[in-house]
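Think of it as A, B, C, D and E in the order they're written, each chain with its own count starting at 1.
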Amino acid sequence: MLVTLENVTKAYHAGGQNVEVLSNLSMSIQEKEFVCIVGPSGSGKSTILKMIAGIEETTSGNIRFEGQKIAGPSLEKGFVFQDYALFPWLTVRKNILFGLEMANANSVLKKKRLEEYLDLLDLEKAVDLYPSQLSGGMKQRVAIARALCLKPKLLLMDEPFAALDPFLRQKLQLELLRIWNAENITFVLVTHDIEEAIYLADRIIVLTPSPGKINEIISVSLPRPRLRTSQEFIQVRNKILDLITPLNLLVSSYI
Amino acid sequence: MVALTKRITALKQNAGHYLVRSLAVIVLLLVWHFLVIKNTNWPLQFGNLPQPIDVLTVWYQKLFEAAYYRDIAASTLRVLAGVVLGIVSGVPLGLWIGLSRTKISEALFTNLELFRPIPLIAYLPIAMILFSTIESSIIFITFIGAFFPIFINTMDAVKRVPSSFVDVSKCLGCGPIRSIWRIYLPAVLPQMFTGLSVGIGASWMGVITAEMMSGQKGIGYATWYAYNLMDYNLSIIGMFTIGILGFTSVVLIRSIERYIIKWK
Amino acid sequence: SGQVNTKADSADASSNGKETITIGYQTPTAQTWGALIVKNQRLFEKYLKEQHPDKDFNIVWFDANAGSILNNNMVGGKIQISFLGDMPSLLNAEAGLKQSNYNSVFLAFDGKGYEGINQSIVVPKGSKITSIEDLKGETVSTPIGSSSHRMLLDALEQHNLVNEVEIVDQSVTVGMQSVEQNKISAHSTWEPYPSLIESNNVGDILLSGEETKIDYLAAVVANADWAKENRSYVIAFLQALNEAHQLALNDPKKAAQIFQKESKFPYEITLKMAENIRFDSTVYQKDIDTLNSSIDFLTSIGRLNEAIKLKNFIDDSYLREAIKQQETPYLTDEELQGEWIKERVY
Amino acid sequence: MVALTKRITALKQNAGHYLVRSLAVIVLLLVWHFLVIKNTNWPLQFGNLPQPIDVLTVWYQKLFEAAYYRDIAASTLRVLAGVVLGIVSGVPLGLWIGLSRTKISEALFTNLELFRPIPLIAYLPIAMILFSTIESSIIFITFIGAFFPIFINTMDAVKRVPSSFVDVSKCLGCGPIRSIWRIYLPAVLPQMFTGLSVGIGASWMGVITAEMMSGQKGIGYATWYAYNLMDYNLSIIGMFTIGILGFTSVVLIRSIERYIIKWK
Amino acid sequence: MLVTLENVTKAYHAGGQNVEVLSNLSMSIQEKEFVCIVGPSGSGKSTILKMIAGIEETTSGNIRFEGQKIAGPSLEKGFVFQDYALFPWLTVRKNILFGLEMANANSVLKKKRLEEYLDLLDLEKAVDLYPSQLSGGMKQRVAIARALCLKPKLLLMDEPFAALDPFLRQKLQLELLRIWNAENITFVLVTHDIEEAIYLADRIIVLTPSPGKINEIISVSLPRPRLRTSQEFIQVRNKILDLITPLNLLVSSYI
């Protein structure tokens, strides 16, 4: 197991009160697995990723990475934020090399890695541009390249496609799978979009509304590339929709 | 080709702007001229103003006097010194108070806030007592003018650095000390420049105040001196010279900003 | 008293190795224009060279539009010698008593105005006010606590108008402009402003200070500790002042030219000043009496809180030594008890 | 219950803040006290300052003097007049220049920009010339201080009113004239208040400068008078009184804002 | 026909150049129809709505509303903006009544309409709140109520659900259909979400990438309420997906 969560609970202190966000979560993620987490807003999806990354601490329970308790961020765990969090003051090149620079890598290595990921993510032409000069899709790819550049074992992605036009989104999903194929890497991806999760994941973790608990874990064993219009795809989709959209839904029950 | 066409269009638009602006100034001068000529005294006593033609004539003569430039240079140096001191103290202090959550920084901030609403001119007696040279007490006033906007803007900006920048830098192996240089400083730079341009304006306001009260040279001193002599031509020239200098400084800061902050 | 600000080289950092002495003066006060001659003719440098042939000096002249600014800077240790009107010089003395790091010494007089000449009450051009009685019920401005204020009060008192006139505080510049713009009924001020107002044809003199018969005096005050430590500099300075006073006495036209060059006031005015002002360092007994009455005045209007003893404040030993070194005789004690002696100034 | 708990927690936090702040001020006073007592003259000549205990004693006495409050009232009225004039002129002008795309408004803006960087003190000679009474000259200076921030912020805000507001109001039958009252004015109100609070601060900063002309009352005059008297206790009291008045005005504006702008 | 577009072309003047955004568009909308417009970002969807509303003018071609050329906004055409454009300084009550106020309606009418739409949209409890105090879903409903309050014949909606959590989105779609049933009104709704379009529309107009042309108009004749998981639903969906996602999609072809 690459990552294990054991009875993880997380509470935030807000407005003088402790608010439980995640309660008693247990799960594990295998090496080279592609895991998606779906759930309504506020169910704690981002919080899970941050705890795995070591940016947030757990309130109780343990998270292990390769059997070790997580003490903080490490270079083996890459993180791609929803808003990309590209440094606007650095060019694409410097953004991608930021992690290697921090590690005082030599220039040969930097050059090699840069070329490798510029090529993999088709960013050669953008190398000297600033983030503000990039389209949404390119920003996305730079953020991924920046995380991959350190050759992490695990890549955590928080709604990487949420800000994108759905037409563009499909193209980038395909691209992501290509990277996943090319690199020996485990993906944990948070999304709102069930179809996206089915298209990408080996397993889908469905959270309940706040405080987040695991509603169900669904394994998707369809061969890739998956066809959104295939019978099997639709079946999985219907199963999840049934799970989260009770049929007796009434408008008046909701404000 | 497209780029060229765009540039030409932009130039044309700019030319249009300059034309309107120049016309605007000319209209102002004409209105002023006629108000004086007609000795209009209602609603305001415009008739008492000197004629614009006289002011411009004297100004034109001034442009060939070394003393005029000596005064400008003296004031400029004082503003420069104040602004440099303002940056050197305001930026680290702003970073520190913005980032730290300690009682000490809160206490320091409270004390600084006590001094912020005090007009520059009111610092004069204290400045003269505290400093052992005249020059340093004048520079103290220009410094105070520059300090608060730079400090407040830096502090403000650093509080608003998106936490995702910091989180991502942690994940990329950037420790807390290095993040000051690599994350916080570049992230606050744009707003720091805003503070700087407000600060340099305030610094100009301060130098005039300081020089008017206590100078031997400088454009503020010259303006005040003209007032003492009841020379309204020179007073008005001084007024606009100061305005132009303040304006130019801000424009300069803005171009430095554009040069440094390439990423916008 | 404690640590003292006597470092003379503190005023200008740019003068490496040179000793800097800063002297404060006021172009808006004609009776301190002795300073302009010393400055223009570089007389202080000349006498310092005599006293200290091997030393380099950097003399900085600091112009201020009010005595308070000079006093403020003297307390701050930035100015060593100042030309002050009589009232600010007394405030300087008070600061010497109050401030722990500053002591004050009165060195000499500069300009003197016989019986209040060189001060006037002015009214706007074409004003209906043609006599002092017309001020009844009007508002008059003056720099509160100045000799002109005192002169105004004396003039009003002579006509029993003290309680009939509202007096407000305005600096000479603002007051002069107020007269020009007809915003005030009258303004009581000192030269060169009454003359400037007349020459600009924006106002008329309602009453000359002479009618009050109180001498109007301007003084030279120094940082006492600095003076004690640098006695020879003070002596050189007073010798320079003496030469300046001689020049004013012997060649008023040249003095007027110097005044015009340094102050930018029109020649007709500076000439009038050169002729009307008695530039004389000498400390007569009657001058001490005048200062004493000024102390009473300042105390009566609440501007002075400390009891100033003039015998502690005035130290004419510097002046006596300076004159002695120049091998000219100073006035005898008897002469000092009497009236100002025409043609004999120091 | 929850609301109550929250309020108590908030109160506790506030109390903590006030404690830290009060302590901060006390520490400042103690440091000042010891610097004077020890006659510290390096790096600054703190030894020349009056002792805080003396300043506070005199201040305490002042608190029982009617003259102190008369001065404060006089200045407050002047600032008020300046600010009211600033609103009355700055808001319509800002709306107009912000909304219109005509050459006239651009020309007017250019001319206003010429005057903006001129320090308040440099307006003094002109203020005296243009107005027929000293009081109106003083108010002119406080007005200039208030005008520019109010004007600039209104103009800025009106340019940034989302076009969807205007579009939707058109669809709902709101014509261009009515949209000024019903859309633009409420939409710019928050930023107008920002301008107002900056403006009232600037107006207070101008009050000493302005009252240098006044000659009889006003806290700025009193401070200036104290300076002429070399009464550093009173100078410092004046300095902080003006600071406090400026600060209070800003706080007041901010509470009026909170009261009016309920929708934030 | 309620609305007809005849050879409508729209160009914007930007950066010294004319950029054609919509070219030669013709279509018509029947009374009581529910039309959705889908298409990639920048294809001119919003522009179409604005031209129908009368906020934007056409560059060439005509738009007719009930046979009349459109001269400007009118009260018969309601508009709901993507960001709702609720006036933040007005309470829910005043926002809803804004149009009637502009028309100087008497207070009896205002009261009646207010009650009617508060009830229809389940907003009674929110009537005295300001927009900033509302959840996304409530804002949405206020914006609809504000437009409906004037009893328009046509309601134009620009991506009304784009900013919402997909879980919430489904509930509001259902609600919208309920309103459409309750009122005698024609809907034109712009969306990015194909599924949403299928769920709601009688006809779906699919635009090509910029400059926008009509790619295809698809009639959806499934009975309502439509089941997302039904065979027929999936078929329509697959048809549109095929239309916009060529199967030979290559990542490298896209930057």
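The definition used in the following text is that a contact is a pair of C-beta atoms (placed from the backbone, for glycine too) under 8 Å apart; a residue touches a chain by one contact, two chains touch by 3 or more.
Values in this document were obtained by computation on a predicted structure and should not be read as measured data.
A.B. asks: What are the mutual neighbours of subunit A and subunit D in this structure?
C.D. replies: Shared contacts of subunit A and subunit D: B, E.
A.B. asks: Ranking chain pairs by how many C-beta pairs touch, which one is first?
C.D. replies: B-D
A.B. asks: Between subunit B and subunit E, what distance separates the C-alpha centroids? Give it in angstrom.
C.D. replies: A distance of 49 Å separates the two centres.
A.B. asks: Hey, how far is the Cα centre of subunit A from the one of subunit E, in Å?
C.D. replies: 33
A.B. asks: Using Cα averages as centroids, what's the distance between subunit C and subunit D in whole Å?
C.D. replies: Result: the chain centres lie 39 Å from each other.
A.B. asks: Find every residue in subunit C that makes contact with two or more other chains and list them.
C.D. replies: 5, 72, 75-77, 177, 181
A.B. asks: Please set out, as single numbers or ranges, the residues of subunit E touching at least two other chains.
C.D. replies: In subunit E, nothing touches at least two other chains.
A.B. asks: For subunit B, give me the residues that contact two or more of the other chains.
C.D. replies: Within subunit B, the residues that touch at least two other chains are 45, 48, 124-125, 129-132, 212, 227.
A.B. asks: What does subunit B use to touch subunit C in their complex?
C.D. replies: Answer in residue numbers: 45, 48, 124-125, 128-135, 137, 212-216, 221, 224-225, 227-230.
A.B. asks: So in the complex, the part of subunit A that touches subunit B is made up of which residues?
C.D. replies: Those in contact with subunit B are residues 50, 53-55, 72-73, 75, 77-79, 81, 83, 85, 87-90, 98-99, 102-103, 130-132, 146-147, 150.
A.B. asks: Taking the touch rule as given, give the residues of subunit A at its contact with subunit E in the complex, in rising order.
C.D. replies: Subunit A reaches subunit E through residues 40-41, 122, 125, 135, 137-138, 165-168, 170-171, 174-175, 178, 192-194, 228-229, 234, 237-238, 241-242, 244-245, 249, 251-252, 254-255.
A.B. asks: Which stretch or stretches of subunit C touch subunit D in the complex?
C.D. replies: 2-3, 5, 66, 68, 71-72, 75-77, 91-92, 94-95, 99-102, 141, 143-145, 168-171, 174, 177-178, 181-184, 303
A.B. asks: Subunit B touches which residues of subunit C in the complex?
C.D. replies: Residues in contact with subunit B: 5, 7, 10-13, 22, 27-28, 60-65, 69, 72-73, 75-79, 172-173, 176-177, 180-181, 196, 200, 202, 264-265.
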